[in-house]
Amino acid sequence: MTAEFWITQSFNGLSYGALLFLLASGLSLIFGVMRVVNLAHGSYFMLGGYVGLSVAWRTGSYVLALIAGALVMAVVGILMERLFLRRLPGQTLGQVLMTIGFALIFQDLALLIWGGDPYSLRPPSALSGVVTAGPGRFPVYRIFIVVVAVVVGAGLWLALDRTRVGAMIRAAVDDPEMAQGVGIRVPRISLGVFALGAALAAFGGVVGAGFLGVYPGLDIEILPYAFVVVIVGGLGSLPGAMIGSLLVGLLDNFGKALFPELSYFTLFAPMALILALKPTGLFGRV
Amino acid sequence: MTRIRIVALIVVLAFATPLAAPVGAPAQSAPIKIGFLAPLTGPFAQIGKDMVNGNQLYLAEIGGQVAGRKIEVVVEDDEGNPATALNKSRKLVDQDKIAILTGGMLANVGYALQPYIDGQKIPATFPVIAADDLTQRKPAKWIVRTGWATSQPMHPFAEWVLKNTKYRKIAAIGMDYAFGYEIIGGFQQVFEEGGGQIVQRIWAPLNTNDFAPFLAQLRRDADAVVALFTGRLALQFLKQYEEAGLKGKLPLLGGGTITDETVLPQMGDEAIGVITALHYSQALDNPTNAKFNKAFEASAGKIASYYSEATYTNARWIVEAIKAVNGKVEDRDAFLAALRKVDLKETARGPLKVDDFGNPIQNIYIRKVERVGGKLQNTVIATYPSVSQFWKYKPDEYMKRPLYSRDYPPCKYCQ
Amino acid sequence: MSATLIGTRPIVETSSRRAIVAGIVALAAAAAVAPALPSYPLTLLTQVAIMAVLAMSLDILLGYTGLASLGHAAYFGAAAYAVGILTTERQAGFLTCLVAGVVLATVTAALFGLIAIRATGTYFLMITLALGMVVWGLAFRWVSLTKGDNGIAGVPRPELGLPWSLAAPLPFFYFALTAAALAWAALGILARSPFGLTLKGIRESESRMRALGYDVWLHKYLAFVISGGFAGFAGVLWAWYNGFVSPVDVQLVTSVETLLMVALGGPGTLAGPALGAAVIVFLKNFVSVYTKRWLLILGAVYIGVILFAPRGVLGALRSQR
């Protein structure tokens, strides 16, 4: 294995992990606060990509596409939580099943609105091309994904750690009843976090559209990856999501490169093993 | 409405309808019903739509009737799922009383339907399903293929590569399922017999998103790469191939679906120069194709692909067979015999007839992606006429060898 | 942390006799009506019978023990593959297929149970999903055994030495109906046994049961294994019914649909999931004939039922007294 191989594969794993972080951080936070596994999370990712695509086609602006995708799905998330999930307080299984219903609806709506052809979002020329440094080839767009994920991750960390709202969120994750008891409006926090999670996933979808494309079935395909990340990292933990996505990105890449025979298992077998040894995930707090 | 009433309504609705079967009309002047299976939901929904549109287009052109009888098409969603396909076929045969079953897209749907079709003795045509073995070692009596067999285009393609390029060491990468194995296998068989070497066989899982690990494995000392991907995988693969810097270094060849017109419009410069082989190209220059393209683009709002041409020509095939039996499709044996004898001298893809195993003998086109008039197209750069599924081999010799699979042909030159 | 995934609060015991009577009536009605039905609706009813067995098997885990699994298709599919491989490679007969299928499903469940039972709630959901995906990967990848994506075709109906061939729809329907009735009876006895009552107790509060001295882990594990075994029974029937086995039988969507059947019908009642299976099979087939938007309608129905009848159809029916 040459130096080029290790460098390229590590970078690819890193950039793929970065994309997964955008997808999975929202899922982890939503679970942390609401104890709901949002099975429509893959749909948020896909729909965000589609919305971004439409906006990009209409306006030619990549930035607008990013913002629009995130905003639209945040609204959808708010509606979903407010009008539907909130009607089943405490019924976790019911809520999970409801998200499944929504996933089906979103899947069909996407087909109805955008048709079944696979699409690709052409990134702005500033983000195209490749940077060569020594033996490594680094597509600029992948570098962009890493940068975006780092910025978002840092932003989330600071928000959770330094702001009052962040403290309230952390309290709600640790112990919702106590938090409610000291006057934190947990339902409002839940709503906010749900919207944030949806926006993050959608944002990830637009970013991903330039690399994976957007196509029917993306929602079902990407969802297990989101699960693996939050399971490995631990539900409700932001650092967990960071480490988890990095691990999954690298594991998937190196696993497929070194053991192509086991391609179908490189993700799920380790996931099952980690869960077998530590059922709440590496950093799980709940 | 109280909860219980809502729930009861749902339950009653759910039970009520399949039992409310429509009553069939008797007699010869009754319409001829064609049962059409296609994936209308799921990842292949767009292809299913193209298939339905192609079929509809031809039938509309002939006024929806033949031999004095009206033609009725009953379209059912097989969801790209063999169990559903079986289910819907039962409905089409038992409830809708179809005269002929057609459509289907995935290989496993074809394999699942084969025993059912033969058991029911219902004539069937497969315009798209290409799984090799359906018309080889275990041919179905009641199925006529009007599309192609997966490895059919790759045999002449390998010969073309040997005669027209200097590529002698080629790395192969394809999707990890039978369609991939048969495309690569067909190419490898003829290529190695002619003195070439396949130096790698890489298989990517169907849910791959990031090709980086696979692209990293491709041997840089090969002369070229032969690839097989379909749909969004083709789109992603070509893009990432270019990003990995391979486009200039390793010329890309492939099965026809990697630049098929369902994905070509979405591609950019990364597709230019890619050479593939298939029994059709939207850019084929003949009057029937020109007419077909014009009509299809007008009605569907997008360019035709091999899927839509397949069902368009398939509809014509069925109509010709109906004409040959003077509309008496109820005599299933006669109808089947007619289906096997249809011989079309010029279709959108060229001449078309079937061999004794029920698979087409047709032209295979070597195509190269070029930008013409601002749009990408699969320009035809060579034509191999009258190619059968067995290429130049005798059928029994060909079938003595195993079916192309994940391990066959073996990779003798792999390291 | 307690195991409770709520939405499955207990349905009062006294109605169980009513449920049994209703169930027997339904079975008898189906058996009586069958000869008059055209063969397509008959095949749909056959599917309902088989799916009912699958849904009831999951109910033992979900409704009675309170563990929601997203990987139940693994045992269903494993048994189906056993039948598929044995009949096409070794021309195995009825008994061999039945035993092999159920045993393979049970052994798989026994293996996976060791990994999964340590987790609860959402983690259990996730781990069962991962295990289900591993089986799916195996089905795809072990091409020499499973024929991969192509699937195994030509699985014949079993020979029982009866005067009627099971290849015809009506005899096979009675066969499937009988099998479903037997499964229902067996699971019903299990549910009403002390073991079943313990499971219910665990669903309510694991810590309490532990405090009372019950071996909670063992009970959960046994429930997991038994549920897997019955799922295998359904898988065997499915392989015979379709004559075809493919990775679709072990995919995530199949597991999700099974979960929905149980939740829709009414967890913890056995009859509820059977009803749920009927609703979903008919809904899918009915709606898709009339519109391409059947997935959307299905999703809307799920949401509607969960909102208005959170304990499933049967739960709603029972609470209306």
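To keep things simple, chains are lettered A, B and C as they appear, and every chain counts its residues starting from 1.
One rule holds for everything that comes next: a residue touches a chain if its C-beta (ideal position, glycine included) is under 8 Å from a C-beta of that chain, and two chains touch if they have at least 3 such contacts.
Everything quoted here is computed from the prediction, not taken from an experiment.
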| item | value |
| --- | --- |
| Neighbouring chains common to chain B and chain C, by label | A |
| Higher-contact pair (C-beta pairs counted), A-C versus A-B | A-C |
| Length of the line joining the C-alpha centres of chain A and chain B, rounded to whole Å | 35 |
| Whole-Å gap separating chain A and chain C, where each centre is the average of the chain's CA atoms | 32 |
| Chain B: positions in contact with at least two other chains | 41, 176, 205 |
| Sites on chain A at which at least two other chains make contact | 108, 263-264 |
| Per-residue multi-chain contacts in chain C, two or more chains | 140-141, 295, 301 |
| Touching residues on chain A, where the partner in the complex is chain C | 31, 35, 37, 84, 87-88, 90-94, 96-98, 100-105, 107-109, 112, 220, 224, 227-228, 231, 235, 263-265, 268-269, 271-272, 275-276, 279-281, 284 |
| Touching residues (chain side chain C, partner chain A) in the complex | 5-8, 68, 115, 118-123, 125-127, 129-131, 133-134, 136-138, 140-141, 252-253, 256, 259-260, 263, 293, 295-296, 298-303, 306-307, 310 |
| Residues of chain A that touch chain B when the two form their complex | 5, 8-9, 12, 16, 108, 111, 115-120, 122, 130, 137, 139, 141, 212-213, 215-217, 221-222, 252-257, 260, 263-264 |
| Interface residues, chain C side, partner chain B - complex | 37-41, 43-44, 47, 140-141, 143, 148-151, 153-154, 167, 242-244, 246, 248-249, 275, 278-279, 282-283, 285-286, 288-289, 292, 294-295, 301, 304-305, 308-309, 313, 316-317, 320 |
| Parts of chain B lying in touch with chain A, wherever the complex brings them together | 41-49, 176, 202-205, 207-210, 212-214, 216-217, 231-232, 235-236, 239, 243-245, 262-263, 266-268 |
